Every structure is written in C-alpha cells, then in structure tokens.
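Take a look at these structures.
Presented sequentially are two complexes of chain A, the first with chain B as partner and the second with chain C.
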Partner chain A sequence: MRSAEMTAEPAEARQLSFSFLRPSRSAAIGTVAVIAFLVLWQIAPGMGWVNGRFTSRPTEVFLAAIDVFKNDNFLFHARISLTEFFAGFILAIVVSIPLGVLLGTSKIARYLIDPPLMALYIAPTLVLLPIMVIWLGIDMAPKIAVVFLGAVFPIVLNTMAGMSEADPRFLRMARSFGASKFDIFTRVLVPGSLPALLTGLRLAVGRAVLGVIVGELFVSQAGIGYQLNLYGSAMRIDRLLVYALIVSAFGYTLTVLVRSVENKVRDWRSK
Partner chain B sequence: MAQIEIRDLGIDYRKPKSNEVFSAVDNVALSVEKGEFVTIVGSSGCGKSTLLMAVAGLVSLTRGSIQIDGKQISGPGPDRAVVFQEASLLPWRSVRGNVKFGLEMQRWNGGDLNERAMQMIRLVGLGRFSDYHPHQLSGGMRQRVNIARALAVDPQVLLMDEPFGALDAQTREIMGTELLRIWERDKKTALFVTHDIDEAIFLADKIVVMGRNPGHIKEVIKVDLPRPRNEAILDSEDFHELRKRLRAHLAEDMSSMQLVQEVA
Partner chain C sequence: MIAELFYRRQALVLGTLSMIGIVVFWQIAVDTGFINPFFISTPSQVAAEFITQFEDGSVATNVAATLYCFAWSLGLATVVGIILGMLAGWFADVESALEPFIWFKYSAPTVAFYPLFVAWLGYGTPTIIAIAFLFALTPIYANTLSGIKNTDRDLARAARSFGARPLDIFLRVALPGSVPVMIAGLRLGVGRALTGVVVAELFGANAGLGYAITYYGQLMQTTKMMVSIVIVIVLGVVLTQILSFLETKTDSWRVDSSR
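The block that comes next holds the complex of A and B.
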C-alpha cells in the first residue's frame, strides 16, 4: 500500500513534507503494535480473558509451524496448491492478454463482449465452483478452472483499458512519422498499456489465491485448503493459523512483487 | 514553383452529437517558397492548427488541394515532419529513444540510428541528457527533444504546431532564438503556428494572419527584418510597426467574438 500512496502524491507535496521521517516512524509504530498484539495474545488465555482452545497462543503457533514444515507432508500439499494456482494463472494470462488486446483495439469486439464481460467480472466467480465440480470432478481441474475464472477478467479488462485509453496525441505523432498500424501497436500501444496490464495481474493474484483455497476447502483430497479444512474440523487452531499465515504470505509476496514491477514501469507516469 | 502550394482549401468537420457540419477552414490559398519561414498567427478557433495538420497529412481535405514540390499529398510522408505541442514525447522512451522514433518508423537507412539521433540531440543542446526520460526534463528541454525528433528524419518541410505554447515567456524567447540558430544551418522550409504575436514576427519571413468563422486567411505580411536575428530586434522600429498591425487584426477578431457572445 505504502508505495502506491507515495507515488500518487504530487511531487511538490513530497518535497515539502518531511517524508524521510515517515517510513522509519511508521515502521516503529507498526512494530510496537505487532509486539503488543503478540504479547496480549500470549497472556490472554492464561488471564482467563479468552478460551485458549479457540485462540491458541503465538508460541503454540510457532511450534506448530515447525511441526508443519517437518512432519505434515507440507511440501506435498503445497505442491498441489501451487500447481493449481500456476496452471490456472498461466492459462488465464494466455487467454486474457490476447483477448484484452483484441477488445482494446477493436470497437466492434468491445461493443459485443464488454457487457457480459463486466457482468462476469463483478459476479463472484466462486459461485461457479459447484458446477465446475460437477463438470470436472474433484481433482485439480475444478480448482484450476476457478483460478482461471478469477484471474482472467481483471487481466482482460485492464489490458483492454490500457489499449483503448492510449493517448491520442501519441497516436497522431506516430502517424505523422508514417507509422503503420503494426508499428503503432508494437511501439505505442503495447508499451503504453504495460502498467495497466500489470495492474490487472496484481488484482488477479488475489482472486487466484482465493480461488485455490476456497476450491480446496469446498472439495478436495489434498492441498493447503484441504489441510485448512482438516485442522478446522479437528479444532487445531495452531496449525490452522500456520496454514492461514502461509497463504496470506504467499499472496502478499506475489502482490508486492508485481507491484514493484508496476511502480517501476509507471515511474514515467508520475508526472 | 513554390514548395508548398495550397489551393482553395476547405476542411469541414461533422460535430459528433448533432451531426451538424461546420467549416474549420475555408477558401485558403497559400504558397510557401523553399527555405521560407512562415508563421501562422490567429486567435484560438481560427483553424490555424487544422491548416497545419492538413499539410502534415493528418487531416483529410474536404475541398481544394495541397501540393508539396508539385505532388499532391495523400497522408503523412517523409518529406514532412511535425513538431507537436507538449506531451507528444513517449514517456517510456529516453531522449535518445524518442529522437530515434521517427527514424525507426521511416526505416531510416542513412547510417547508424544511434549516431544520427545523438547528432540531433547535440544540435539542440541536450548532449548530456540523452539517457534522461521526458518526465525528468523541463518543458523547454522536452520541446528541444521534440524538435530534434522532427529534424532527425531530415524532412523537406518542418511543421510546428505551437511548439512553445506551453512554455513561460522567458523560456519561449530563448527557444525562439534557439530555433532560429538551428534553422539557419540549412534553412528548411518551415510552417510555424502560434498565437503569440512577438513570436510570429521574430521567426518569420512571412506572417499569415488568420481569422475565424470559418477559418480563413486575412492577410499575408512580409517581414523584412535582417537575419540572423536576435532579441535586439524586438525593440526595433520595424518590429513595433508589425506588432501594431497584428494586434489590430487580432483585436478585431476578439471584438467580433465578444459581439457574438453578447448576442447569444
């Protein structure tokens, strides 16, 4: 979040405010808050404020984490979830970028497909999960399908926006130098829409992670979501939290990675 | 024969909502000799930019014809290059990348692209900044890049659409002098659109004064100020005379516009 807010600020504001103080101060406050929370969490069950059976404790979660990585077939489950995630995500990229380009460059295609696309984007694609299970079984396929459906729309719509909202002044300039349609596409539209495409990818990451986990929670025989379900029904709060943390760390890391590329590419837009 | 020959030019637009047709430019005839620096001046809405874009081949003609070196134009061509207003530099390309853009589009085969681009960048005085990106440059520097990009493709005719319109008065004056310095080297035929009276006089061999409704040429004024020019001529007697004459023209246009607004 922080980096996006920083780039959104006008340059003057950034120079005038004492921004060099801010990161360290906010980091300090953040660290204090986290430590305070952990301490409170640790002592709360002992003081009788909460029932430790439902809340676990940081130390227990930490020990459970070591246990999970050592003895819980973690890599096996992680591999299945990662396979579902990347299969669905890569499929989504392969389909959505060409589709986004087509929609962004052809008005007719846009008029034709834009309304149903919008509807599908807004509707939670997870509602299709039961149908995917009926169609595709209970193996990886329905989860891949749900990941695909979750990831495909943000990428299509953002690519489309990036292409169709190209600055007309750039197009006119390119034409004045005799640029062909192909030249305009490769030299103006593609580089110009890259930031929007990356925004689409970033939004897609969150939806894809959600798709994998919910898909596995719904019906599966293995995977991180399966483990979550397992420890949920067994009331193993400590292990449940370990898996939940792993999922959010994965989604967070990927999002931050895409955002850092995005910010780099978008640098030139800040003015 | 003149290098640019515009005859009976008319350009109509259809308003997108009402489908009403209106004339941006009508009955325009103009000859520009080879090596002549012609400025086109007029208040906003007089069709001066439309006229320039028509010569660039970016706007289709409704009536009349435009010939360059005796050949009817039918779109943009390598014989012409345009210096646009601000914000026509590709923000993801460096200064050198931007200057190379036109060369790439025209499949330049006059030697090394990089070397050609660097020559032009040095010519406009940005040698040290070739790896900078547009957002790191001032408005004046960006327009130098814009000029370098147009000159790089070695056009017969240089078309400039208010290139200094977004700059402050001081920078604008410096850029005008710079432009003349560069232009003096090979005296390419130049068409320069502006709404700034001093700029129009300072640069020109010939000033085309345009009026509105529809855009038409009111008067063509010869400028006989000696070249090479510098800021000193801004204070000369002849310059004052020309300024007075142009002001009268534009004031006439403004008052007629106010009248229309009052009636409406």
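The block that comes next holds the complex of A and C.
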C-alpha cells in the first residue's frame, strides 16, 4: 500500500518525504546492501558454497591492492593506458565539435553525413579493432584509434542535436534585434547547445574507457588491459579484480565529473 | 503528415546518395593507387568475397552463431532487467538496495571482467552470453525503472478513487504506461548486446562474426575480414531499426501527462 501511495501522492507530499526521509533511508539501505554483499562474498568460499579460487575474497582483494600499488609497476601501466585514453579522447573532441557544429547548422550537410554517422554510432565500432591493428601495429596507435572511434560519434551527434534544436523563439528575437549570423552563433547557438555537448562527452567517456580496455585486452605489451589479461590467464583473481576496480573507479569519477559540470550548465542556463 | 513524409524522403535520398558516394570513393581511391588495397580491400572484392563466403555457408554459420548468443543474452537481459526494473520502480527500498550495484555496473567497463568470466565459465558461448547480458542489462533496467516510477499520478489517483487496489494500479496503469519507455530501453539494449557478443567473440570463440574478424585479421586477409565487419554494421542498423519501428508502434500507448 505504501508504495502505491508513493507513486500516487501529490507533488508536495513527495517532496516532503524526499527532503526528510528518503535520502538517509535510501543511503542506509544502499550501504546495508553493499555490506551484505561484501560479507557474503567473504564467507561464501569458507562455507564451501563457491570455490575461493574463482571468486577470491574482499580481504584478499584489499591486500592485493596494496601489493599492486607497491610493487607491480602500477604507475607505468597506468600511464600507458591514460596516454591512450587522453590522446584518443582529445583527438575525438578536436574533430567532433567542429563537425557537430557544421552538421548542426547546415541541413544539407546533415542529410548527407547523418546516415553513415548513425550507422557507425549504432554499430559496434570495436569491430574495427582488428583492422586498426593491421593498419597501425600493436603499440598505442590502434588503441588511440579505437578510443577516438568510440568517443567521436556520441559527441558529434549530441553537438549536432544541440545546435539544430535551438529554440526558434530565441533565434527570431535575436534576429529582430539585428543580431548578425556570427552573433547568433556565439550568443544563442553555442550556449544553447552546451548541455547537449556535455551529454555527448559523458556518453563518450564510457565508450572511450571501454575502447582502451578492449584494445589492450586484444593485443598489447603493456597497460591496464595487458595486466588484466595477464592475471586473468594466471588465475590471480584478486589482482584481476584490483585492476578491474581501478578501471571502474576511473570511469565512474570521470562520468560523475562531467555530469556535475552538465548540471551546473543546465542550472546556469535556466536562470 | 505529408510534409513529414517529404522531409523523411529527402533525408532518405540524400542519405542513400552519400552511402553510394562513400562506396564509390572507396573503390576509386584504391583503383587509382591512392591507398594500398592490402589495408582496406575494395568494395568489389568484398562483394565477391561475400558471395564466396555466402555460397560455402560460412556467412550463415557465423551469423547464426552470433545471433544465437545475441538472442540468449538479449532475452536474459530483457527478463532480468524488466523484473528488477519493475521491482525497483514499484518499491523504493529495492531501488535503494540495487542502486550502488547498478552504478558500479554502469561505470565499470564490463569487458574488464572478461578474464574472470573465462575463469568461471570457460572459453566460448557461455562467456560470450554473460558479457553481452551485462552489456544489455543496464539500459533495459534503467528504462523500466523510470517508466514505472513516472506513472501518471492523475491516472493512478483516478483509478484509486474508483476502488483500484495497488495491484490493479500496477497492472492496469503503471505497466501499460511504461511499455514505450521499456521498448526504448530495449532498443538501446539491442545495440549494446550486439557490441557485447561481437567484442567477446573477438577474444575467444569457435564461430561467429567477431571470431571471423579476429581470425582473418590474424591472417592479415583484409577482404575476408571486411565481409564480417560490414555484416556486423548492417546487423546493428537493421536490429536497431526494427526496435525503433516497434517504439513508434507503441508510442500511442504513452500516457504522458506532460503532453
């Protein structure tokens, strides 16, 4: 009954329960769930429910984390993966924002380029990885290319959408007050499309992180993905999980960062 | 309506032209010696190779293997995602309990756990299905959740005034109202499941499009590789288009109070 109430209650009551009860309650439940999961994970191998060789334990993972940071050449591998990530991502930004602007402001360009763009956005660009390896070798270059391909399409498509969906009332008003095309572009279109652009960046972060890892798992001589593959084939589940968690934390932090900028821009725009 | 149709046609004509343009450009760039065919092959060679692979049955084998894993993973993700999404959308406590895990799942590149799945399930089909399942799960869950949560309050209240029980409201108001959002989640899930299957096949499989791409890639046979790459891209577009079509079909069910 209570939950039915929740969906059917008027807005004020919902907000009231939101500000007083919900955050603490939901945070508590979330924490309990995570702790329960960790405890279960810790005791399951001891109780013989699962084979500890395959699942490791939270305590083992914690010790392995300390070990990895101290003497596993962690910074060396992290630097390689980070270089690949940022090289590909910055390249994607440099290419995709101008392209997105062009497509957003010109209808003909949009009609011409949209279908191949859409096809590559929908299709898994990671299938191009093996051909990138043929073209660029097995060093950093193919990973940078895959990161680029993963990141470029979300940014282009979102910039384009932001540009072409500018509020026509603003455009008309700016024009009636004698704004030039350049003015309209810098004062109306750019601020108007900023939130969409940031959404594109946020989506691109996930695809780019995926690109680095898949690229390094596929073929590499160093990097986080290389280490993942190494410890996976050596059945060192504890160390494997440490690296997987580091990648997750990296992706999470970056996503949260972009999202907070996104929210700030949205707030600033609505003022 | 007619204007919209024309608008669509114009996009279609120009889009088709640009696709043909890319293929022609590709062919000419190689024919004139601008690009070495070893790197990129040519459309005519790829077409010829496609026919060869089609006739010896390897296209059918690979597509069947990929679609088999795809269907299993998407099916599992749909069932699990919709059930979890409905529970979380209806009971706020379930949502709170699941949230940390979903956030983790959302930000972690699933493929990082690929070696773990190999250790648990072995090389091949089960691992591929597990990876693709995790790829597809998030959007289906998230959309079902938001669909149920954003049930039209006026409709729910009206139903309650006429004596509907919570179960009635769930089955007659919340569930039908969230079908369009669920289908949208499914459309996102289709693309992600396909990515998951193909990526997992790149690493280890006995058949499938991803397997063929890696196999011919290691032999440096670009033409044979291109056949599978093109098939994957076409498959992605076709499957997503089917779901988009379903989405427009169910759009009329939408009971959005903001409209």
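Just so we're on the same page, the second predicted complex is superposed on the first by the 247 of 271 C-alpha atoms of A that agree within 3 Å, B and C clash if a C-alpha of one lies under 4 Å from a C-alpha of the other, contacts with A are read in each partner's own complex, and residues count from 1 in each chain.
We take it that a residue touches a chain if its C-beta (ideal position, glycine included) is under 8 Å from a C-beta of that chain, and two chains touch if they have at least 3 such contacts.
What you are looking at is a predicted structure, and each value in this text was computed from that prediction instead of being measured.
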{"item": "First, second, both or neither for A:W135, with chain B first and chain C second", "value": "second"}
{"item": "First (chain B), second (chain C), both or neither touched by A:A119", "value": "second"}
{"item": "Touched partner set for A:R169, first chain B, second chain C, both or neither", "value": "first"}
{"item": "Touching partner for A:F69 - first (chain B), second (chain C), both, neither", "value": "neither"}
{"item": "Partner chain in contact with A:D183 - chain B first, chain C second, else both or neither", "value": "first"}
{"item": "Comparison of chain B and chain C by chain A residues contacted", "value": "C"}
{"item": "First, second, both or neither for A:P191, with chain B first and chain C second", "value": "first"}
{"item": "Footprint overlap on chain A, comparing chain B with chain C", "value": "none"}
{"item": "Complex contacts: residues of chain C adjacent to chain A", "value": "10-11, 14-19, 22, 39-40, 90-93, 95-101, 103-104, 106-109, 111-116, 118-120, 148-149, 151, 153, 156-157, 160, 166, 169-170, 174, 191, 194-195, 198-199, 202-203, 209-210, 213-214, 217-218, 220, 222, 225-226, 228-229, 232-233, 236-237, 240"}
{"item": "Parts of chain A lying in touch with chain B, wherever the complex brings them together", "value": "167, 169-170, 172-179, 183, 187-188, 191-192, 194, 265, 267-271"}
{"item": "Chain C contact footprint on chain A (complex, rising order)", "value": "1, 3-4, 6-10, 22, 25-34, 37, 54, 108, 111-116, 118-120, 122-124, 126-131, 133-135, 206, 209-210, 213-214, 217-218, 225, 228-229, 231-233, 235, 237, 240-241, 243-245, 247-248, 251-252, 255"}
{"item": "Chain A partner contacts - residues on chain B that touch it in the complex", "value": "56-58, 76-78, 80-82, 84, 87-88, 90-92, 101-102, 104-106, 133-135, 153"}
